[in-house]
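Order as written gives the chain letters A, B, C, D, E, F and G; numbering starts at 1 within each chain.
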Amino acid sequence: MAGGFPTDTRGNGLTGIVPVVFAAALFVYFASMVPTIAATEVIRVSIPWIPSLGIELAFLVDGLSLTFSLLISGIGTLVLLYSNTYLAGHPQYARFALFLTAFMVSMLGLVLADDLILLFVFWELTTLTSYMLIGFSHETEKSRRNALQALFVTGAGGLAFLAGLILLAAASGTTSISGIIAQGSALKEHAMYLPILILLLAGTFTKSAQVPFHFWLPNAMAAPTPVSAFLHSATMVKAGVYVMARMHPAMSGTDVWLWTLTILGAVTAVFASLLALRQTNLKQALAYTTLMALGTLTLFLGQESGYAMTAFATFLIVHSLYKASLFLVVGCIDLSTGTRETDQLGGLGRIMPITAVAAALAALSMAGFPPFLGFIGKELKYAGAIAVASEPLLVAGAALLSNALMLAVAGVVAFRPFWQGSVPSGQSPREAPWQMWAGPIILASLGAVFGVYPDLLQVALINPTVISLTGEIGEAKELKLWAGINVPLFLSIATFILGLLFYKFHVQLRAKLEQGFQAIPNLDKGWDSFLDGLKRFAKWQTQLVQNGKLSSYLFGTFLTIAAGILLTLVYTGMPMIAVDLSDVEWKHTSIALLTIAGALLALVTNSRIAGIAALGVVGIGIALIFIVFSAPDVAITQLLVETLIVVLVAVVMLRLPSLPKAEFRPGRAVLSIAVGVAVSLTLIAVVSSPLDLRLTDYFEATSWPEAYGRNIVNVILVDFRALDTFGEIAVVVIAALSAYALLRTTRKGDQK
Amino acid sequence: MNTFGLNIILAIAWVAFTGSVSLVGLITGFVIGYGALWLIQPLIGTSTYFRRVTAWIKLVIMFHYELIVSSIEVAFDILTPKHRSRPAIIEVPLDVKTDTGILLVTNLISLTPGTLSLDVSEDRKTLLVHAMFADDPDALRKSLKDGMERWVIDAVEGA
Amino acid sequence: MSEIIAGSLIILGGFFAVIGGLGIIRLPDVLLRMHASTKIGTLACGLILLSCAVIFGTSDIIIRVIAIVLFILLTAPIGAHMMGRSVVSTGVPLWKNEGIEEGKLDTALDEEHSTPKS
Amino acid sequence: MSWLLALPVVIPFLTAVLAFLTRQSPLGRWISVAGSSVLLIASIALMNTVLREGVIAGQMGNWPAPFGITLVADLLSAVMVLITAIVAVAVSIYAIADVDEGMERLGYHALFNMLIAGVVGAFITGDLFNLYVWFEVMLIASFGLLVLGGRPEQIDGGVKYVALNLVSTIMFLTGIGLLYGMTGTLNMADLASAVDGADQRLLTIVAVLFMIAFGVKAAVFPLFFWLPASYHTPAFSVSAVFAGLLTKVGVYALLRMFTLVFDHDTAFTHTILLWVAGLTMVVGVLGAAAQSNMRKILSFHIVSQIGYMILGLALLTPLAIVGAVFYLVHHIVVKANLFLIAGVAQRIAGGTELSRIGGLYKSAPLLAVLFVVPAFSLAGFPPLSGFWAKFLLVKAALDVQGWIIAGIALAVGLLTIYSMTKIWAQAFWEPHPDGIEPKLSSLSYRDRAAMLIPIAGLAVLTVMIGVMPEPFVQFAEASAAQLLDPTAYITAVLGEQP
Amino acid sequence: MDGFLEISLEIGFMCVVFSVALAFVRLIKGPSLQDRVVALDFMTVAIVAFCGLAAIRYGTPAFLDVALVLALVGFLATVALARFAERNTERSRERSHHE
Amino acid sequence: MNSVILRVGTRYLAGLLLVFSFYMMLRGHNEPGGGFIGGLTGATGFVLYAIACGTQDARAALRVMPQTIAIWGLGIALAVGLFAAIFGDALFTGQWLFIGATETEKGLPLSSVLVFDIGVYLVVFGSILTLVFAMEEEI
Amino acid sequence: MEFLFAITIGVLVAAAVYLMLSNHLLRFIFGLVLISNAANLTIFVSGRLTDGAPPLIPEGADAPLVDVANALPQALVLTAIVIGFGLFAFAIVLVFRAWTTLNSLTPDDMRLAEPEEAPK
């Protein structure tokens, strides 16, 4: 993306404007619902979709979903506006805007859905659209790889999630989310609670890139910066958090819930903030701070206290505002200077003052300085942490550490490039066009505005959200800049001190961290070897079963036949068998022997002619069977066909080489005998009980009186079962046409 | 074949007279008609028909005679432990001209044991015969020409 | 009466059939064997079919028997001719009655003619 | 009534005859298109009647069942016929661009329509031996189509295809003989009750024989070898119709026989089917993961997807059968379409080997859109048809605590995503290795229309099933109910049973 | 005289079957292509005879129809194989000539 | 095949086989025979012709391309099946007309079933010749 | 009697399977012919065997006067024979084509459709 801002800042014409207007309209629409929701009402719309499965197109607007909707559509509007300039004149901008808008709509659907399956539909749609967006620079290998990685990891989680949803729906007997929540604590006592929880968390943790599934998120930064700003700050990664929040009333309060979310959240938060500090790339650093935020949000959701819930709601908003803002700022820096590496940046403050202001505002909120909303969020965070009954120190400690690290990162990202050092030679940065700084400045300012006037937020969104999270009993804590001298305040101060220290020594720390992380296995590297392993395993397996050799295919098929019949025989036990040889005449025996002898000759001979002649003998033997057992029509046909077979083989064989000498293969012989035995045994069993001759009796009785024929076989062929005969002559025609076509297509590979 | 056609008509007439439509009736009618025609031979002028019929009958009888006699000869050779046969492939010049004649000669030669028609040359003038008992090829050749070929020529091509 | 005639014809036919079979086994070269198969086989077959005609005695059966016999008389020699021709043209080794013992015949023929077998 | 049943079989035959007589002129291809369209109308009429009146049966030759041959249509048959007609229309249009005059002169259109006739016949017959006959019609036509063109790899694939399918055919025939020998009847509805009088142990053995015979046709593990060995070799329109329809006939036959006739020892037979289903899914999808050619990937995926359908049959709960039916319908549409798209890729990008092509996303966005729909439907992304299919089956499996099989079904879904994105990334996203920009406009107007209209039509159908699944689910439910309680089927064929 | 016909039929069957067995031995032994074909040809004729016997034995002239067809087309296989033998030699000669 | 004997023999046999094949077909409804057997026998006649005189002559004698015969046969068989529709019967319902039927005698039967058998005959005949001619020419 | 021919069928099948497994197309064809015959015979035997009474209705009778052989399997076998012939005809032509295009009759050497992985 090097090379400065687009010279033509008019963007992409209508293709650029329409999505912005659309998103803005959505925002306004959702904003218009604020009064209703603020009055702690909910709006539910539902139309039947798949009634036979009880699935509805049901949407629910309550505090939680409205908060998300406003963030999504609001930030969406600004990001689309920004993108229109950021990617001005890009040949594929239309697709970009389409995917981004589609993503936004899917995300809205996800947070508004009041049906588990509908939610999943949108869930997967966000996966799919984000795949397209991450892979937007599709001509580079890295983009494609990272897009696939994101898709694969979230897709895998998504499938577990689906299983969880199905179980959840089965356990509660409905797919309606509000219906499930209305069932109160029934779910928590359900036998399937734990599997459901694990499966749902698998989905949400992968989607939210929680440790240890975090590795795909930084890679997803291969996407254009606006995408990162949108997907990886405000929206997609929060989908997982959203679902946990949504299910909070129905599923929280158990020990499993508490400790899983708390511990994983805390670990993610600390781990991610360390990772963030380690980065020199601005976007990567921001990506990891996003992880930290997600960890923190998860950690809150593990609990039930009013503080935690309020902190969740507040921090959700805070983070979205500053993170989107900072991502967009980084985009401006990137376009302006051509780099996102911290050590190649400096002194931009004077050249890009507006951007710098936006960055500063956002960073201060992020760092948790008063009077920003970030400060209030942080205070609530500590309050919530302390409220954790069993292990307040652990939670608070994690929060403290991560917040301090966050402060340091804020400095690295938003302070250092603007206010330290000077512009390196070779760079000629300029201030960004207004379309690009408008977004950051608005978002960042909102952090300040809400910090000063927290009541705005409190009534409109926080209280309804908390109610959504806890049900009617929920009591939101008050958002205040000054809550008096209390433990959170001391922790805040400690955070500042620690954070500033971290910032001061961040270069040295980075080196230390680098060493530390070298020691930890990196799942991202594991990803490649995982894919390699998968491919290798797939190849190995495929070569095992599909080795390209007809003889092993046939062996497998016949083995299945023999094993299928014989093992079934073992399972069922021997069917009734009656051996009645009383009516066997020597003629029958000799015909049978002749047939067998012919078959054996065909088997052992190495002479083609002997083989054909042996087949002729078998044909004759079988014709004799037909003659002796009263089937003249069949015998005639058999003899005619046998003759033609010999003729055809004789013609074809002129071009074919002699038979090679056959080697004896014991394995094949055993299998052949097994198949033969299987068929024989079954047939013997079949003919051991009498045959029901209803059909034949009917044919005999009606052949002459109704079908006017004395040859019953022929009457069956041309009248009773004429359709069979028709199909059969069709086979003959097709065989001839096919063979003809095959003979008449001559290609280059053909020998003379 | 006019006379032959006449004979057929007479046979059908016979069937009509007697009113028994059967194979036996037809054959009877044919034989009686033949007799009648033979009697009125002067009336219908010179025809090869009568000679040909005689020749055909002779052919059929002689063929069966040969068939049985030489079958016994071959059977004897097969059944006795020592092979007396002196096989050889001999060429026989052909006088028979028509397709039917050639086919009859070769087939009949093949059907009588002891001789087997192998091939007829492209110019249809020579017949290649495999003989089991070819101690004297010339005699054999002569017997074939005077025997089977003669009879066939008489029957098929008239003379 | 007709049954005695038929029975005798059948036995005679069977006898010739066996002779034919023996001939195919015993005669020393392929052309000689063909003598046995083509003619004696036809004779055997004809005799047995004749017994059919005698037994059934109806005109349609007789016609059918005649047809069968005529068909065989027409086709068998043509088949034999084709075979014989191919024996000559492919150079299958032939027996010359040079007093070789039957058991050693095949080896003797092979030594005599080096033409490849198919 | 009986004509309503007979026409779907008769029409393609008539079309085949006419198309063959006009094979030297371009008229043949239009006859083929027209014939398929008429077939479509006929099958809509059939479906309409079955929906209104329930299972219908017709006695061919006016001979009463079980003596004559009965044609029967329940919902499953009717929908299979309908979907066959849809595929036939799509492919016959596509063939205008795809099939060259040389192949036409050798009777491509006749063979194609005979194939359709065989497929339809198999779906609609109520007689076991008649089913064999239609299988053969289908099989021999597929032989011809597979090798039409005569390229060496076609011959190679053809040898394997023919060899293995012949084995299956002969096993089927043997099975029919044995079953007839036990029951004395061939009418499938009649068999349903006739088997009760037979030795049940023996019946299980014969059931396994049928399972194997149909298993080869359906390409399940370990009998699928012929499919990946050959499906990538013929003309694209041919492999599309193969991919869509042929294996489904095997699945249909399994579904029919193992609900109607062989339901005496489901604890044994359907447990085997469950194993088969799981292994088929896994082996197939791993096979696909190992491939680098678009058509080969798609071929292995057929195998894998067949596993899902068998899973539905194996579970044998109402929901599972619903899933199987839904899957069957969805898969035909989607898989045929993907092969058609591969054909376009071949034409404009010069191949189906993924490393040899690319750049389709950039320069052929319409094709990209059209690919995404079936590809992601196959991968089971909502709200496309494949999602519902998989959803139903996974739910069915979870409902009976089939954790492992449900897990397998889901994991295989993931690997399906992997394969589809592999195609997407390498054929669409990645630039073309030769630096060319494959464009749809490089095709003539006629070819472009002929190729893209059917693709778009099938894609629309996929989306439609996905977005408005209710009628399809309802339909599948009704169909599953008929399968699980064959009383209506039997009554329609044999009349009221005492 | 019912007995005589029965007995002679049995004898006839035995003879025919035995002759087929003998021909089969030749078919196995060969050694030349033509030997095998001759054996096969003989079997065909024997089957015609067998049909005749069967027709008498079961009193069913229908078996004569089998004989009829076989008598007419049975030699086709012989002709085809003979032609194969001849052409095959021609070809191998041509081939060795080319080399 | 340059064999005088075979060529001459074929002249008789081919015609004989053809006539015989019609006979087998026509009597099929009451005695062994029928369309298949007839068609196979008839085809044998032309196979013999092709072997004896070459496929060119055989094709010339046949005048129509064998695959056309086969497909017409299929068409005829299909038409017979459809013919029943005129009488409101199901596919492939046999239609019989007895010429000169009296109370005791059925009369001379003319039937769609016979036409169907003719279709079968033509299919088998045409298909086998398609195959054999093409193979002969290719080898 | 059925027992005897059930054994015969078993031998035919075993021989056929061995031939089909032999990795040579001509032998495969031989096996195919054998196994087709065995399958036809299976149907025939399954319909039970009756000595010497073809299912024909004599002139003047409305139905067979004696117990005649089961006609239905005969019709089925006839159909199966003809179908089998069609399949065989195609198969033999395919074998011929395989030889002329791929110059091999051992299918295991035919690796065009499924090429062996190039050694890395």
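Basically, contacts are C-beta pairs under 8 Å (C-beta built on N, C-alpha and C of every residue); 3 or more make two chains touch, one makes a residue touch a chain.
Not measured: the values here are computed from a predicted model.
Across D-F and F-G, it is D-F that has more C-beta pairs touching.
The central chain here, found by comparing per-chain C-alpha centres with the mean of all protein C-alpha atoms, is D. Separating the centre of subunit A from that of subunit G, both taken as means of CA atoms, is a distance of 49 Å. Chain geometry summary: the mean Cα position of subunit B and that of subunit C are 20 Å apart. Annotation: 44 Å between the Cα-based centres of subunit B and subunit G.
Within subunit B, contacts with two or more other chains are made by residues 106-107, 117, 119. Residue positions 22, 34, 38, 42, 71, 74-76, 78, 81-82, 85, 87, 118 of subunit C are each in touch with at least two other chains. Residues of subunit A in contact with two or more other chains: 539, 543, 546, 548, 550, 554, 558, 607-609, 614, 628, 630, 632-633, 636-637, 640-641, 643-644, 647-648, 651-655, 679, 683, 686-687, 691, 693, 695-696, 699, 710-711, 717, 719-725, 728-740, 742-744, 747, 749.
Residues 3-4, 6-8, 10-11, 13-15, 17-18, 20-22, 24-25, 30, 33-34, 37-38, 41-42, 44-45, 48-49, 51-52, 55-56, 60-61, 64-65, 67-69, 71-72, 75-76, 78-79, 82-83, 85-87, 89-93, 106, 116-118 of subunit C touch subunit E in their complex.
Across the interface of their complex, subunit G is touched by residues 129, 132-133, 136, 139-140, 143-144, 147, 150, 152-160, 162-163, 166-167, 169-170, 173-174, 176-178, 180-181, 228-230, 232-233 of subunit D.
For subunit F in complex with subunit A, the residues that touch the partner chain are 28-37, 40-41, 43-44, 47, 66-67, 70-71, 73-74, 77-78, 81, 91-92, 94, 96, 106, 109, 111, 113, 116-117, 119-120, 123-124, 126-128, 130-132, 134-136, 138-139.
Those residues of subunit D that touch subunit A in the complex are listed here as 13, 20, 60-61, 63, 66-69, 102-103, 106-107, 110-111, 114, 117-118, 121, 127, 129-130, 133-134, 136-137, 140-141, 143-145, 147-152, 159-160, 163-164, 167-168, 171, 174, 178, 181-186, 194, 197-202, 204-206, 208-209, 211-212, 215-216, 221-223, 225-226, 228-229, 268, 283, 286-291, 300, 361-362, 365, 376, 381-383, 387, 391, 394-395, 398-399, 406-407, 410-411, 413-414, 417-418, 421, 425, 428-431, 469-470, 473-474, 477. Looking at the complex, you find that subunit A touches subunit E at residues 587, 590-591, 594, 597-598, 601, 607, 609-610, 612-614, 616-617, 620, 623-624, 627-628, 630, 632, 635-636, 639-640, 642-643, 646-647, 650-651, 653-654.
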